[in-house]
Amino acid sequence: MRNPIRKTKSKSIRPKTTPEEWWSTSIIEMRPGVIRYRGYAIEELIGRIGFAEMVWLMTRGELPKAEQAKLLEAALVAAVDHGPQAPSIAIARMAMTCGVGINNAMASAINVLGDVHGGAGEQCVRFYQRIANRLTGKTPKAQTRQAIVAAVEAEMEGLTKRGVSRVPGFGHRFHPIDPRAPKLLQLADKAAAAGVIPGSFAIIGRTVETTLAKRKGQKIPMNIDGATAVIFAELGFPAPLCRGLFVLSRSVGALAHAWEESQSGKRNKGPIPRHLLWNYLGPKPRRLKRIR
Amino acid sequence: MRNPIRKTKSKSIRPKTTPEEWWSTSIIEMRPGVIRYRGYAIEELIGRIGFAEMVWLMTRGELPKAEQAKLLEAALVAAVDHGPQAPSIAIARMAMTCGVGINNAMASAINVLGDVHGGAGEQCVRFYQRIANRLTGKTPKAQTRQAIVAAVEAEMEGLTKRGVSRVPGFGHRFHPIDPRAPKLLQLADKAAAAGVIPGSFAIIGRTVETTLAKRKGQKIPMNIDGATAVIFAELGFPAPLCRGLFVLSRSVGALAHAWEESQSGKRNKGPIPRHLLWNYLGPKPRRLKRIR
Amino acid sequence: MRNPIRKTKSKSIRPKTTPEEWWSTSIIEMRPGVIRYRGYAIEELIGRIGFAEMVWLMTRGELPKAEQAKLLEAALVAAVDHGPQAPSIAIARMAMTCGVGINNAMASAINVLGDVHGGAGEQCVRFYQRIANRLTGKTPKAQTRQAIVAAVEAEMEGLTKRGVSRVPGFGHRFHPIDPRAPKLLQLADKAAAAGVIPGSFAIIGRTVETTLAKRKGQKIPMNIDGATAVIFAELGFPAPLCRGLFVLSRSVGALAHAWEESQSGKRNKGPIPRHLLWNYLGPKPRRLKRIR
Amino acid sequence: MRNPIRKTKSKSIRPKTTPEEWWSTSIIEMRPGVIRYRGYAIEELIGRIGFAEMVWLMTRGELPKAEQAKLLEAALVAAVDHGPQAPSIAIARMAMTCGVGINNAMASAINVLGDVHGGAGEQCVRFYQRIANRLTGKTPKAQTRQAIVAAVEAEMEGLTKRGVSRVPGFGHRFHPIDPRAPKLLQLADKAAAAGVIPGSFAIIGRTVETTLAKRKGQKIPMNIDGATAVIFAELGFPAPLCRGLFVLSRSVGALAHAWEESQSGKRNKGPIPRHLLWNYLGPKPRRLKRIR
């Protein structure tokens, strides 16, 4: 709407786009009776590739190796739910009591997976990638420990300079140790040992953890976002796509909670039981002077 | 908000609910360092169960057998995308050019998977289940063909009586034969042969198809919704949950398209190229008489 | 997507629609430098008509009389907020702490104004209109009191038959008397006395209230939905549009609460304080037997 | 979820918050039979203040003067609709054909009013305020023209440095002159002459326009976002709230279009007529090698 490119200009420069061109895509080809994703006929895919492989094919354009898909799947499994204290899950449940469809309740839930609630994984992938970019020439494995620590510290300074006080992917307000993280790291280690992934980002992630502990004087352990970020980065997912992967995962929790709540019979479920009223902190009762 | 139950009444009848009770759930248990879904520690699940198994565990409460999970996964894989002519997919792409997060674009997409765009699978499961309910006593396999046809015809009449002119799950405006349906049915047949599922709903679905052809004088073939409904019904999913399963599936397409569009550099992508303006059919230019 | 109309058929019957026709509208006409709503140039409207008049023009096609607009405006003013116990308002606040835009928070809020949370006004308009339709020939004013009561009772039976146990627009779980309703009715009465509106639906609404009291043995007073429904019905708004009018109104509360919450500095605000954990009611801890 | 503050720490530092405190607000006070907004009883407000005044009261905490409210109302009236080429409006229409509620269609529409589609007004207010902040000591009126130009140029450099290539609020891809802008500016001028607003931001906005013309060698006229930003800034609205004001305005167009589309009888309306298929640009048909 607010593209200041002059219309008269664009006329001369760009040939007119047809509606068919306007909606171009490399993802799906369709003709009556034919559906192909990235070149593969849908009937060849059904029953022969799994959900994680489909996610990969659709977003990356090629099929993953089986072991890559398993790693992706582990990360998708890990983040489905964090209970009704998470705004996404609470909203799924509340929405379901308001007389909307289950798709609306799920949409309401994932709609809030914003920079704060759903962005830590994406931010952490970006953070890891920046560190990796400082270690060019050799892979992290071939780097001296010192070089990696230096890269980590440089990027931590970068966060501070940009006003980011939390290192994304580390620390958890509730779990002293996030039980999902060590398990995911362990799978990454196995995959690295088997040559499925390079293993660089597992090293980087762990170095962030030790460096952070040194700086803060206490352990701030890697959380699920830090651990899924290791896996996503190892698998080569661009950072913004990782938010989407988290959304796919959390959608499962949203569905489960919406469904459970729909069986409660509650109507217009508010955040707290109905006999509890919020504190009012505004102006005291007053009269309207002005008359319209 | 509009619960006419009198407050005074509820006071005497119901003991006051605590906030902890208000948010009760059977899905997830949490303590610092501990996350359990349906009783299973998350660290035991990660890497050992797949995405489809997690969907099942979260929504049904128990883990499926491996072969059940594969069937569910096939259905999830089948419905990910139907291209930019589908409102859900077009909206994911348009949203992504408006400066919102990828989670918002995905939410906008699945928010429109309503009764018309996302409800056919759910409606078809309900339709199949109604037919099955007429065949009590024996499983459909043990019924005579005649009895099944009679049940199908009775429920088709029911649709007509309720003003439903389309049999949900059959016919497709674009595909003379929906390439996803026969493949899904084939997997259902295999699973039935192996005893993974009873196979009743595959029989019911096919009987609907033949009955419909007879009534309409032309084949109205089972589409993806009719075929996934066979699988969901065989696996015992309640109808409203099936809408949610479709949402999980279509979220993958929404993500892939949102991501692709985000790389186009377009801003505020409208439905048609910018040199095309809609037809205006309203009143001719007129002047405002009244002055405020 | 699932329109069973055969493609081959449609080809012969319908001429191909152009994209310009596909997006036809009677609402807005545009050319470079020209924007007209329903025929009126936007620059003639700005500063000369109010917000309620614009709502009317856009949705109804013509401008209202000034006194009609005032009545609509009163109804829009009345429903803006019902506090953080309302799911819509709680969601607006929670969303805002998740790192999404204020438009996303507002969308999340109004997305839950479904049949239960936002539908009572619409349902009540439909209910009133059905009663009015039984009183054809004469306006309600000209009807005997007995005839009106009979029509009300007939439609109440209708609700019961359709399984609707609450009369939409009457009773409130929290307010013994909803302070918004009498004030709105009073404005309707004034407008009826001045000939701005016929006054039929005020009579119908009050008759519903007295009839309901008789049937239930206690007063179930008209609430805001019942009172705005009187006004909307008097002004001739079709029932489904009335849901939209409520959405416009409640959007103001959603905005105010989203904005206030954004200044709290909270992150990922859950429904209850963080030291309170939900009750877990599911299976006891158990081990995963099956290994993938 | 990802708040790295240690639980043990917070225990000692912060007293436990009650649910009532957790949901504190200064906006609304409620008791059975009592609803007060910012201290005013709702029954005093209904019929006595208009919609724009209610928006102001709810978001700012105090009632505006009548002339301030009129200016706000003019801005709200101006931005309701820009036709089906705008993603928000197209989405409202498409959503409505998918079998969701009108509230869901409206939510889908405003959900995409993100940084690109809905953010220009907010960004422009921020831009103007930055310019104003450089002109401390005296009001813009009292400044020399030279000083204002210098402040504008400094902030334009600032935009360039931050990688912002478009000055928000100026230029329009479609309208050589946006017909809404001059009218809004004219109202601002009148209000400034009458002492309703200081008039500083009208001066700043016009200086931006002339400076921009000089830099670019052609006129890039102020558009609706630039003009509403003048009004919002004059009225003292914080920048992020201005996005919300635009959402309120555009919701009217979303409602009108959703409603009109709902009468079309279309199902699953895609972006282009159904006989047009998108161009597929991906890999050629290929076979799946790997078998699961």
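Think of it as A, B, C and D in the order they're written, each chain with its own count starting at 1.
Definition applied: contacts are C-beta pairs under 8 Å (C-beta built on N, C-alpha and C of every residue); 3 or more make two chains touch, one makes a residue touch a chain.
As the structure is a prediction and not an experimental result, all values here were calculated from the model.
Novice: Counting C-beta pairs in contact, does A-D beat C-D or the other way around?
Specialist: C-D
Novice: Centroid of chain C to centroid of chain D, CA atoms only: how many Å?
Specialist: Comparing mean C-alpha positions, chain D is 23 Å from chain C.
Novice: List the centre-to-centre spacing of chain B and chain D in whole Å, with centres computed as mean CA coordinates.
Specialist: 35
Novice: Quick check: how many Å separate the C-alpha centres of chain A and chain D?
Specialist: 27
Novice: For chain D, write out the residues touching at least two other chains, lowest number first.
Specialist: 1-3, 7, 10, 19, 21-23, 25-28, 30, 32, 41, 45, 47, 49-50, 82-86, 90, 100-101, 103-104, 107-108, 111-119, 173-174, 176, 267-268, 271-272, 276-278
Novice: Chain contact graph: line, ring, star, complete or other?
Specialist: Topology of touching chains reads as complete, every chain touching all others.
Novice: In their shared complex, at which residues does chain B touch chain C?
Specialist: Answer in residue numbers: 1-7, 10, 19-31, 36, 38-41, 44-45, 47-50, 61, 63, 66, 82, 85-86, 100-101, 103-104, 111, 116-117, 120, 166-168, 170-174, 176, 218, 220, 223, 225, 271-272, 276-288, 290-292.
Novice: Touching chain D in the complex: which residues of chain C?
Specialist: My answer: residues 1-3, 11, 16-19, 21-23, 25-28, 30, 32-35, 37, 41-43, 45-47, 49-52, 54-55, 58-59, 70, 73-74, 76-78, 80-85, 90, 101-104, 106-108, 110-115, 118-119, 174-180, 182-184, 186-187, 240-241, 243-245, 247-248, 251-253, 255-260, 262, 267-269, 272-276.
Novice: Which residues, counting only chain A, touch chain C once they are in their complex?
Specialist: 7, 19, 32, 83-88, 90-91, 94-95, 97-101, 104, 107-108, 111-119, 173-174, 267-272, 274, 277-278
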